[in-house]
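Two complexes come next, and they have one chain in common, chain A, joined by chain B in the first and chain C in the second.
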Partner chain A sequence: MDIIESKTWVEWLITIAKFGFCFVPVLYILLLIPMERRGAGFMQDRQGPNRSYIKVPYFGKVRLFGYVQNMCDGTKLFFKEMFAPKGAKKFLYYVAPAIPFAIVFLSPCVIPWFGPMVFEWGGKVVRIAGPIVDSEVGILLLFGFSSLSAYGAVLAGLSSRSKYSYLGSLRTTAMTISYEVCQGLSMMGLLVLAGSFSLTDIVSWQEHHVWGIVAQPVAFFCFLIATIAETGRAPFDVAEGEPELVAGYHTEYGAMQFGLFYMGEYSHICISSLLVATLFLGGYSVPFVTTETIQAHMGGSLAILCWVLAFFALAFLHMIYRYSRKLRASAQSNKMEILQEYKLYKGIGWIAAFVLVCAGIASWMLYNPQVTVVNGVAVNTLGAALGTALIHLLVLLVKSVFFCWVWIWVRWTLPRFRYDHVMHLGWKIILNIAILNLVVTAVVAKLMGGN
Partner chain B sequence: MLALIYFIILAVIAVGAACCVFLSKHPLYGGLSLVLTMLSLAGIYGLLGSPFIGVVQIMVYAGAIMMLLVFVISVLNAAKDNRTPMFDGTSIFVLIGVLGLAGLIGFALVLTPLGFDATTLRGSVEMTSSNLFDTAQTGPGYFVLFEVLGLLLLSSMGAAVLMAKKRLGSDASVEAASEEAIAEEKEEK
Partner chain C sequence: MARVIRQRPMNWVERLYIFEAIRGLWTTLKHAARGLFRYEELPTISYPEGQPEVRSTYRAKHRLMLRPDGTPRCVACGMCAAACPAHCIYIEATASDDPRIEKKVKRFDIDHLTCVFCGLCVEACPVDALRMDTKEIIFEHRTRDEFVANLKTLTSWDPKDYPDDAQSQKAPGGKLNAEARKVWGMEVKN
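And then the complex of A and B:
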């Protein structure tokens, strides 16, 4: 194998660094759990959990808007006793929670996190693909992993020797299979248009034509519904519906075993939202601007990025100032503590806004790398390529966070469906619409002379 | 060299899990071992330069069909938790048959020259689709055959539905048949 000689060390470094993206879904859990709790509070017109705090000496209590609650939960789950009910199949019972959580690390490998980086290094043109594994069957691989992760729930239900778990796992099996079919078929129309199974190709097709949501609006809604059902959350949480099945397939689990199921569910939301953003919302591509334009005006693009972030910092400061004004007028007993905490946020916010504005001006004035063209492909410097990748990554994350919010929004807005309603929706409505959409798309694409 | 190491790892897993299918006493463990075999076979397909076949193996067999098999096993068996004996009277003939077949296949494999080159691409998406569906090449390819197969699966699904209407309680087989038909349809598209 002569792979090693053909690559420069920078290429190796970036290729290895890309494996860090495997941990993105796990990091999303930290974002999603507070988002879900405070979001539920927002929907139901209450506060949500924000009372837990860390005591910093000589300063006071830091509550981080309820983020500390995560650490409390994690600590609680880690230190609880692991147990198995009597008569459970021990091996399967202990292995089952690990399956969905292990799949979580595999799934991000095929998602393109940024456009292909093409840059010059040491007299050589280096090209680095967006996803960790740039496979031509990327999307199918993702679906394969997603169908495998259902084994966790199924085995948990079968091995824990409880009727509720058992019924939950049967329902999970039926629902996973039926909605996977809907998901696959509703996505096929877009694949026909893009003419590829590779997610990189799909995103670049959307970048140069239109976004998937414009080309395939019906498929988008079918796909979104099927994907929400696939994650097994309300309104589709028939597999763990509290009024019927106690907690479904994880009734018998406690401590970190339950925690693994819990984290697996949230990571599944993360991966699904990334997938929806990649397939239907243009993935990493910036709206109305092509990658070539960004690379041609690298300094300006970075400046705009910095200023957008500075705007968010200022919006955060505005929020903090409004809160503190309200708090001073109120008669809350712990308001001095909270105002003390807000002082810290004000300081951080002003420093961040100042630094970001300065960085934006500096990159606008000083950073202006040249783009050379080799064999018809624009080749940048390493810095410009990394800058483009950063912009792409942030755009993708913003889109996926929006879809995470859609998940939470749907969960706390709609009531739970009954089991037969879920099956009816899947097999008789969404599947038919998806097939019809696929046929129409194929005919239109053929007549228009596309792929 | 690297490909050979991966191949050995995957092959050991595949063969070991396949042995577990026979040796496990509870059918649920047998089914799960079969899933493991299929996954490692998918890995070997990918290693042979045909990632499409490997991924379809994961999606259709390990994902959908084995899931249904586990479903059926659990419906029929998990509640009672019965354990079948490993050997009985008929297993002598089965054992002889299996050993004979294994010997024949091993003999054939030893005689066949096997070139193992991980770099050549044998079953990419494009190659597979052009082999199956390209009508412009010599003859209609496998296109007509594929359609007939789809029709066969559809008719079998209809038959299963009719049979299930008469005798209640065999819903799982209907779902299995429809699932296969839909999986075929998906591949077709």
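And then the complex of A and C:
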């Protein structure tokens, strides 16, 4: 009971609330699928899927820019029949798709979502760590989790009794093993610099020195390529290359079993992009501004955040208005319907812009919490600590969404490599560059007198 | 003669792949940015609602030109049926009431399921009776028979749709076309 009583209820509340971060990859799936489809459409000068709609009383058919397509797809997959091919090992066959998707809930536990919150509550100084599990070996745990998801592919290939699935799973295994090595070694240079396996320490090192991408540009490229390969996406998706193996390890899967593989792949992208952002792009740290500065000018920082968001709302409105002007002049037969739908977006946009501008002004004028220093550590009020955490979280999400975009971008640009090219690239090029980078980094770090 | 295209060997920058990959990424980024920020400039037409612009030179559905009194110009010579590579035109002729003209058309069917839209019938027509400038490119019907355009459907076009064509303006047009046909004693069956 000592542990329970030693913590205040606010600390308990925040600690439990942090478990909500486990669901971030699942939310990312909702973001990534439309982003991928419409992004692919835009790159090919198409519009992408935008036809499914929900009927809303006044506004008519609300299409939400193609987001409704997600729900339609999900519903379709969910209500299709699940079946196992003849001769499949039933238990493994049904369990396999769940593995990559279940891993998704474990991996976010070790990612630092915000800097350590230090605040005063009830006469005590409370410190709450960024990740759900503030482990000393956070990054190793994360690697362990993300390698586990290969089991899904392997079991799927073995159990579905199809030569295509079998070959696909063999390729996945080989690729996961070879690129895990590259990934681990390319990241080592950064660990040497930061001197720790804990992701929180790595981020705080980046915050106080330079971002990983500046300190280790070569490692960044190696890591990015290895991570793209490890998620099994184009140009490295030989494991499911349609021309050779019908669909690779999930050839025999349909319905929601296929859906689980699909979602597992997207959440793997989410985790990997969060990892790249954390390791090489300073994680939750805001560029050019230290956390102390933000906390010292809490109201101003929140105001800037609000105004940046308000700017995006206004830019969105601008695009909506420009498009509706063009649409009104066109001869499209359903233009009144679409314009009616746009009234909803215009309303939301204007309300959001107004609220954000007002919130920005209010927090700038009214909110100026004091920072006290206890034993050399800056201690904030609860509000300031939560505000900092919010800013940190948003910054991390923006960075990781950018990397998710890189995944999609690369997929729809580069053609698929041949299988032996993939292995050649992994073992003979990236691995060597990574090792060389590690050696050089270690020597330079020693000479510069780091850790 | 086959033409041999000698491809320039790749230089070392191109063989490194990474720089060429970045060039490719830049290209797709430009296109993606256009789609995102200039959505209305995408060349795609959201089809059933927005129709593509069809020029009058496009070989679309046929129409039969009319004389100023509303009768078809067609003299039932059968040149178009002879020129048609798909054998989709069927013509029946009858004697004309007009002493200056030998024959008039009694039945003129074009089967659009067989038609290849080559435009040879239009080229062959000696009196410029048949044209393919209706800009109608959608053929959707319930039964096969409805795909066969007959004299009635071929002549019931509206002069308002052809504002640039002076010859089309001389025809009575619309409901008057049907009345003119009735006066001429040309009741169209089927």
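In the analysis below, the second predicted complex is superposed on the first by the 449 of 451 C-alpha atoms of A that agree within 3 Å, B and C clash if a C-alpha of one lies under 4 Å from a C-alpha of the other, contacts with A are read in each partner's own complex, and residues count from 1 in each chain.
Basically, contacts are C-beta pairs under 8 Å (C-beta built on N, C-alpha and C of every residue); 3 or more make two chains touch, one makes a residue touch a chain.
For clarity, every value in this text was computed on a predicted model and none was experimentally measured.
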{"item": "Fit or clash - chain C, chain B, common chain A", "value": "fit"}
{"item": "First (chain B), second (chain C), both or neither touched by A:Asp45", "value": "second"}
{"item": "Partner chain in contact with A:Gly144 - chain B first, chain C second, else both or neither", "value": "first"}
{"item": "Partner chain(s) touched by A:Gly74 [first = chain B, second = chain C, both, neither]", "value": "neither"}
{"item": "Contacts of A:Thr413 with chain B and chain C, given as first, second, both or neither", "value": "second"}
{"item": "Dominant contact partner of chain A by residue count, chain C or chain B", "value": "B"}
{"item": "Lowest C-alpha to C-alpha distance for chain C against chain B (Å)", "value": "26"}
{"item": "Chain B/chain C common contact set on chain A", "value": "none"}
{"item": "Chain A to chain C touching residues, read off their complex", "value": "38-39, 41-48, 319, 322-323, 326-327, 330-335, 409-410, 412-414"}
{"item": "Chain B-facing residues of chain A, complex", "value": "1, 92, 135-137, 140-141, 143-145, 147-148, 150-151, 154-155, 158, 166, 169-170, 173-174, 176-177, 180-181, 184-185, 188, 192, 196-197, 438, 442"}
{"item": "Interface residues, chain B side, partner chain A - complex", "value": "1-2, 28, 32, 35, 39, 51-52, 55-56, 58-59, 62-64, 67-68, 70-71, 74-75, 78-79, 124-125, 175, 179, 182, 186, 189"}
{"item": "Contact footprint of chain A on chain C as seen in their complex", "value": "21, 24-25, 27-29, 31-32, 34-37, 39-40, 42-44, 46, 48-51"}
